[in-house]
Each structure stands twice: as structure tokens, then as C-alpha cells.
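The first chain written gets the first letter, and so on, giving A, B and C; residue counts start at 1 in each chain.
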Amino acid sequence: MKSLLISLAVVGLTATAAFAEKVTVVTPFLAQPGTQAYVQGFEAEASSKGWDVNVVDTAGDVAAVISRIEDAVNQKVDAIVINVDPAQVAAGLQVAVEAGIPVIGMDAGADPLLVTNVTSNGYAMAAETSVYVANRIEGKGRIVMFVFDAFPPVQVRGVIADAVFDNHPDIEVIDRITPDVQDGGIADSRAKMEAVLAANPEPGSIAAVWAAWDQPALGALQAIEDAGRSGEGIVIVGIDANPQARDAIAAGGNFEASVAQDFQGIGKAAADAVARAIAGEEIRAKVMYVPTRLITAANAQQ
Amino acid sequence: MEFAGLSKLYGPATVLEDVTLRLQPGRVHALMGENGAGKSTFIKLLAGVVPADAMTVRKNGSEVTLRSAADATAAGFRFIHQELNIIPQLSVAENILLGQDMPVRARLLVNWTELARRAKQALAALGVEHINVRRHAGALGTGDRMLIKIASALVSHDGEAPPCLYVFDEPTAALNEAESEKLFAVIARLKEQGAAILYVSHRMEEVMRVCDDVTVLRNGRHVTSVQLAETSREAIILAMTGRDIANGFPARTAHPGTDIVCEMRDVSSATLSKLNFTLARGEIVGIAGLTGSGQTELLRLFLGLEKQTGGTARFEDVDLPSSPSEAWSRGVAYVPQERRSEGLMMHMNVRLNTLLPHYTGWRARRARENIRTVELSKRVHLKAEGPEQSVWQLSGGNQQKVVFARALGSIPRLLLLDEPTRGVDIGAKFEIYKLVRELSEQGSGIIMSSTDLPELLGMCDRILILSEGVQHAIVDPDGMASSDLLQMFYVADRMVTA
Amino acid sequence: MKIANFRQMGTLLGLLLIILFFTIQLPDTFLTARNLINVSQQISMLAVVAFAMTVVMVMGDFDLSVGSMASLAGIVAAVLFALGYPLWIGVAAALAVGMLGGLLNGFLVAVVGILPFVATLGTLTIFSGLAFFVSGGRTIFGRDIPASFSGFARSGIPLDSIGLAGLKLPFLSISALVVLAITWVLLEQTTYGRRLYAIGGNREAARLAGVQVTRLRSSAFVLTGIGAAAAGLMYASRVASANPTQGAGLMLDAIAAVFLGMTMGKEGEPRVLATLVGVLILGILDNGLTQMSVDSYVREMLIGAIVLVAVATSSFRRSH
């Protein structure tokens, strides 16, 4: 009798395990804070849905992402989530598509082989900060831009800022700088900014610094403070709202604004997309955007 | 002290069977036998590093158990091996007191004065006063290294029995005559102090001189134990080999030719000078002198490793080879002095070790290589399982035969031998002599350096005496004795230094 | 003798046990033709680096720069593709870079006499810096990579004719097999290989026995460099992109694979077929444990522990 109960219990357990949807998340970047936040958001949502989630980190190895996608396909999981450039792992995506397993991108980039990609809207983020600058300087003044066109997600930000500033006849972009990012980008941006300050010694000759991400903004801030020109009211903005940037914004200096992505929200939205794909729903939008938030001194510490 | 019923099996092979040995304080007991007779295993059992399958050890009538190296040390047994594992970076004193608690000052700092005092004391007990204990041990010569190893063995740890038995395993293998003399003086002193000494050696002259008793092993069995005064050299050799090869050197049956293999006129190098000699086909020229007089360098001239700086040197009417690979391809074969470090790839098989210099073309065919290896192994009477056996598993004598098999791979035009029988037992020695003789009769010119003087006298047509790299004389060994030759070394040495 | 054989076979036995374990745990998915073909493709790049590494390890040397050489080779090819050069030029240039890098390693180790560990640690940094320099630190991908290049890693020989409908033997796996065959012939069937083993056995003795140690050591490093570059190309083809750090992970795994293989050598010497066993152990563990949903960090610890256990068991048996 007792043994019968036990075997029933075992059968019951295996049965639940067998019915739970299996989802594999593969990323080479789990060590990075942003990725960790996506994955946390995803896992929280997945556990409320009762899924069996396996997170695989290949520690920077992109080819291993393909291998692990192949393994997951072989294991017949219900869905796969990736956080890597889909063009680089197309070999693995092809295998999944052939096996009829949906692959969802979590801030991965758009690709025909993905059901959809959930991310923040880079165009929108750049529009928020560039418009903030244009409004703060009341549509006129000389501006320095920090851009990085070699990296597509950052490149789109520059395009939008160019368009916004171009649309104000009294705004003049005096320099469009691509810093060296080998050391993270702060140090080189600072050096470049010091050169710009030296070339434009008149107070008020620089109205604002627009940076496509936070590191150059921080470098520019350091250069301005060091040159003793923080009193000129030069407006600095960045994008991403990393902790160092938030601190600088909260301090109420020249660095006034940045835009925060909702990483947890991306994870959660990716989980929702997975649920829809598993349910067999056709998802039309190849890219799904999760709203971002402008960070200023008012909300920097939240 | 008695060691009774020692047996040891390795797999199905019996290495030692029921061997009994009695040692008395104040006497030097020789343990002799050919390689593979079981001497090394015997010592390992005594040292507790290898467990015996059966063994009873009695010291002064009471039984002692030897299960580990620590047991052996605690029982007062001390071992001095032929390999001198000193730590060259440390001082002499530190080497002597290695493994002991360092004397300290203020609980923390090493008390160097006390350390030096203890080391000096240990050396003084051996009657040794010429070694500065504060020097780096690496700066010492081989003989002095041996002395500090003995001094180190002499020091006893707290709570241990004082040393009552010293086991010397081939102690003179790496020593020159003068250094050996120092060692013998130390052994005499230990003997006076009432210790028992077990002396393992291949060298008959040495054993006859130093020891009081002898035990002979053959194929793992006890053959005889006898006082040396009651036996003869010939009887011991017979007991060791089971055959009569008392006349140690094979006789020459042909005379050297007149074709000149190499010719040296006023040749010099960084360490050598005034070399003037010729070597004819079929001739054996010996190189003799005190250790470190340039013997090895002279041989290496022919390998391009010692660069000629002056004079005219000709090998088969052309310049000397400029590299070992050129030398081998021009028919020079070399048997280096240090079998382990210069001669053999110990962890490689007999085949590779034998054929290495003789590979030609790009294709290596294992089956053909094996046939060739077996052929060469047969010629040197190698005792091995086959071409695939690793060389380290062979006895010292057989390892040396592999080096010779390599030299035979092509009939060498010039054969360079550096201490060809060092650490080789009597039986294997005789086989090597026969091979050398055979090669000379087939027309190889042979240059042989050796510190074994009877060997030089017995084998060579002429002997070149070197002193500090300078050619002192070339002598005809006919009718000479070892002592005459030794006398000449010292004369040469004095002339050069003066 | 028998004991020695058992020791040598221990690692192979371990591989079989691992396969058996996964076959039982994953009855439907592990021991299938599709999965095995997957594994063969997944391990192909590591295998090529490990085979190349075996060549220098036979001489008792090391090459720590293989990973960054693989990255550099991928970058060189991709940059040339981006500049519009044809496929064969990119590939040939990448292999030439491998050759030159190997020559530099060989020169430093064999001619200058720097310890291989130090010399190749230095060149590791140089190659890596060069890869960043040439690429400007960015990943080269997308339109810059010709479809014929990335297509190589996605195609293979169809296996329909032998009853495996829809499956193909990937070109990457075939490439690894070709490198295996070349390395095996080189090390086991040529006098060149014999001499390399002799150098590994005792460099000084080999030199005195007429082996041209300097020349051979340099040439072996060149071969390893070319092998690393080939693996870098395979990697770039598989990910259809080139990134200045992408080969970095290959070096440690390759060394681990050779070490695993060395436990099977009669005297603990590296043999290329034994290296293959080592590569298979690492690759199959990766594949099977992922399928069993074992946490990737636990997986890493497990693999490290298995390498240690294999090598420790082998050295323990050897010394007792």
C-alpha cells in the first residue's frame, strides 16, 4: 500500500515535470549587469508561469552559443531565448527553425530567424536626450557630440541626434567625436573634451555635450570640472543611466540627464513573447519595444 | 646486525630470494653482483622505500621492523646514493642540515652562526676541513658534494638512534681518483668509529682495497659471503658472473691500419690547446688525465660543440663537422658520458633511442624499425623485452648497451667514447670491450676517454694525456701499470700549473 | 604490463562511462545520429587547436598563444573580406599569419631560448593586441562576411544515401578529421614525428644524437600556429563573424584535452589519437550536461574536476 502511494507520487512528480514547458536561455554575456537584469526579469516571470528554465552562459564564447542552441533543439525544448547578435549564431537559429522551435531575442537584434526581438527603442532614447538638450539651450548654441558609428545600436542614436539638432537652425554642432573605447571610454573622451575646451576658451562658447552613451558624458564632465568651467552652464546628457551616471546626475552638476532602459521589463516582456509563441500565436512585430525612462536629478536615485 | 630471508617479487619475477646478510660493526662489507643481480632492490628494502615480501632484521639480537623510510632512519641506517641530490642554491651548511629544524634566534630568525657550527662539526667528524660551509653548494665539485651528503647522513635528528649502518651505493661512480681517495679516508674514519658499512660497487680494485668482507648476489640469490682476505679477484668475478672472464680485456687480433681518420695539428679551442695527434683506421686512442682536464671537450671538437679556434684539424681530409647532426651524417658516433642526461631519452623506447641518428627520408615504418632494432640489440647482447620497452626499465648496463647499439647503427668511421663503462657491471663491461674491439677491427677509428685506468691500459693503442686542456704527452700503454699513468697525471698537472 | 594497460585505458573507459551515463539519462536524444553529428561539429574547432597543440607538447613545449592566434586569423580574414578581397585571399592570408606567428614563437623559444610558457604568453598578448588593432576593436559581421565563407560551416555532405535522411556530415567535422589525419601521419608515421618525440624525451640527448633541435622546434611551433589559424577560420565561419577575442576560450580547453590524452600514453607522452579522446570527453560533457539542464557554472566546475581526477589518477598510479 505504502509503496503504491510512493510510486503514485513519483509518477505524479514526473508527470508535472513532463508537462512544464522547458525554456532554455543562452547568452555569452551573463557576467554583465544588464544581461543579469534581463535574465532576472525573465526568470521571475517564467517561474510565475511554472516553466522549467535553464540559463546557459557560454562565458563570451559565441560559437558555444550555437552549440548550446543545437543541444537545446536536440533536447526538444519548447522555446529558446538568446541574448547575442543573431547574425553570429544564424547556424544555430537555422537548426531551431527547422525543428519548429521558436527563438525569441532578448535585446538581441532583429533577424528573420527570430520570432521577435524584445528590446529598448534606441531611436526613442536618442530622441529624448537630444530634444532635452535642444529645449534646455532654447534652440541655440554650439554643441559637442560623442558618437560611435562602428557599433550599430549606438550608431542609430547618433543618427537621431543629428536629425534633431539639424532641425534647429541656431544650433551648431562644432565637433562630432568618436572616442577610443578600449579602456571603457571615459579617459579618452575626457582627453578629447579637454582639447575641445582648449580650442574654445570663451565662456559660453560651448552650450552642451550630447553623448550617445554615458561614458563619454562622464569624461566630458570631468574635463569641464577640471578646467574650472562648470559654472558656464554647459549641459551634458548621456544614455543608459548606469550607476556612475546616476550619481553624477543626482549631484546636480552639468551632467543633467540620461535615459534608463528597463532591463527587468525587457526580461518580463521576453517571457510574455515566449508564452505567446508557445501558445502558437503568430507574432507580427519582429521587434517589440519596452518603454524607457528619462533620468534627471529629480528621479536619479530611485 | 643481521638481515635474513629477504625476498621480493615484482609481479611474477622474483628479484630477491631468501638472501641473508650479516654485518659487523667496524667492518666494511662489499655487496657485489652484476646489474640485475638484486643489489638495488636489496638496498631499497633496507631503506624501507619498497616493502619486502619477507624480511627479518635483527640489530644486536632484537628485531627491527622496516616499513617506511622513517623506520630505517630511526633504526640508525644511513644511505649515500650515487646521485648527489644536493640543492645547489642553498649553502653547504643548509644542505648538510636539510630536513632538520633550523636553529633559530629570537624564535624567528635563522641562527646562521649556529647552523654553520653544526655543519662544521659534522664535516669535522669526517676529518674534512677544506670545505667552507657558507659557500653555495652548487659551487662544489662532485667529490665535495659527496662529502656533504655523507656529513648530512651523519647528523642525527632528535630522538633517533645514532647512525650504526652506512650504505654506500656506487659512491665513486662520479668521482675522480683524488676525490675517491678523500672518500676512502672518510670511510676508514667511520669504520674506526665502530659503524657497520655496506659498500656497493662494481669496481673491483676499489672493493679489494676498501672492504673487509664481501657478499655476492647473482640473479637475486645469495652466492657467497666471505672475507676478502680469503678470496681472490678471480673468484669473486666467477661468483658474480658464473663464468670465467677474469682476464678483463679481449685481445687484439688485428693491427691498426695506416689510413688516417683524423689529424690534429696544433689545434686549440676555448679550453683546449696544443693538440697534436693522428688517429688511424682501426686504432684506439685513449684520453686520460685528472677529471676535468678537457677530455669531454676534446671529444666534442668532433661534434662541432667545442669550436676550434686555431691549428689545422682534419676529419677524413676535410674540416671538422660543425654540428652533431653533420657529425653523425659523416660517420661520427658518440657515446656521451652522462647516460641519463646526455645519452638516452629515458622515457622513450629502445627503438627510438637506438635508431634516432639513423633516420633518413621522411617516412617512418615501425615494422622495419623494429627489425633493425632487434638486429642491433642482438649485436650488443641487449637484454630487453623488445624494441617497444622503455629504456628506464632497463638496468644501467643494458641502458649503456642501447647507447652502443645506436653507435653501431652505421659502422662508424670515428667512434667517440666518453666513460663508456661508467656504472656498468663486470659482465656488461666485458661485452662492451668486445664490441669496441670488434669495431676497431672493422676499421673504425676510436677515441676513448676514461677515468678507469686499467680500462685505458687494456684497450688503447696509445694514450693521450691531457692536463688543463693541454696535450701533455702521448704514451704507449705497453707494460704500463695504473700507478705509472696516475703518476704522469700529477707530473703533467704540476708542469702546467708551474 | 597489464596494470600499465589498465592505467592507459582508464581515460578511454571514463569516456565510455560518460557516454553510457548520458545514454541512460537521455534515452531519446543523446545517442542519436543527429546529436552525434552535432557534437562532432561542436568540438571541431577545439579539436583542431588541440591537435595542433599536441605537436608542440610532444616536444615538452607549450603554446599559450593558440587562442589569440585563432582570433587574429579570423579577424585578418574578415578584414580582407570587408575590403572586398576574394575568399581564397582572406583564407590564405589568415593561414600565413598563423605561420608567421608560429615562426615568431619558434624563434623566441628555440633560437632565443625563452621558456615556452613565457614566450607564448608574450605573443598571446601581442596577437590579441594585433587582433584589436586590425579590427578597431569591433566585431566584423553581416554583409562584410561573404555567404560562401559562412556557408562552409553550415553545409556538409548529405548522408541520405546511408539511411540518415535529412542529415549531413558537416564540413567543419570533416575539416577536423583531415587535420587529425595529417597530425597523426606527421607524428606517428614520419621521421619528423620520431624526432619531435625524441626532443620531448631528452632535448640534450636528442641534440647529441644528431637531431637538429633548434630547426625542428621552430618548425613545430609553425605547424601549431597554422593549426590555430585554421581553427580561427573555422570559428569565424561558424559564427559568420570575427571578433578580436572569440578564440580566447580555446587555449585552456585544448591544453586540458591534451593532458587528458596524456594519461593514456605509455609513458605519459601526448598522442594525437589520445588527444581526440580528451576532446571528445570535454565536448560530450558539454553537450550532455546542457541537455540535462545542468547549470552552466556547475558544468564548468564538473569539467575541471574531471580533468583533475583523470590526471591525478594517472600520476598516482604512475608513482606507485
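Keep in mind that, in the parts below, a contact is a pair of C-beta atoms (placed from the backbone, for glycine too) under 8 Å apart; a residue touches a chain by one contact, two chains touch by 3 or more.
Given the structure is predicted, the values throughout are model-derived calculations rather than measurements.
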| item | value |
| --- | --- |
| Graph distance between chain A and chain C, where chains that touch are linked | 1 |
| Chain closest to the middle [Cα centroid of all protein chains] | C |
| Intercentroid distance (Cα basis), chain C paired with chain A, Å | 35 |
| Whole-Å gap separating chain B and chain C, where each centre is the average of the chain's CA atoms | 44 |
| Centroid spacing, where centroids are CA-atom means, of chain A and chain B in whole angstrom | 74 |
| Of chain B, residues touching chain C in the complex | 303, 323-325, 327-329, 334, 336, 341-348, 352, 355-357, 359-365, 390, 406 |
| Contact set on chain C toward chain A in their complex | 26, 28-29, 32, 34-35, 38, 41-42, 45, 132, 136-139, 141-142, 150, 153-154, 235, 238-241, 243, 245-246, 248-249, 286-287, 290-291, 293, 295-297, 300 |
| Residue ranges of chain C in contact with chain B within the complex | 188-195, 197-198, 200-202, 204-212, 266-269 |
| For the chain A and chain C complex, residues of the former touching the latter | 22, 24, 52, 54-64, 66-68, 70-72, 74-76, 85, 87-91, 94, 150-151, 181-182 |
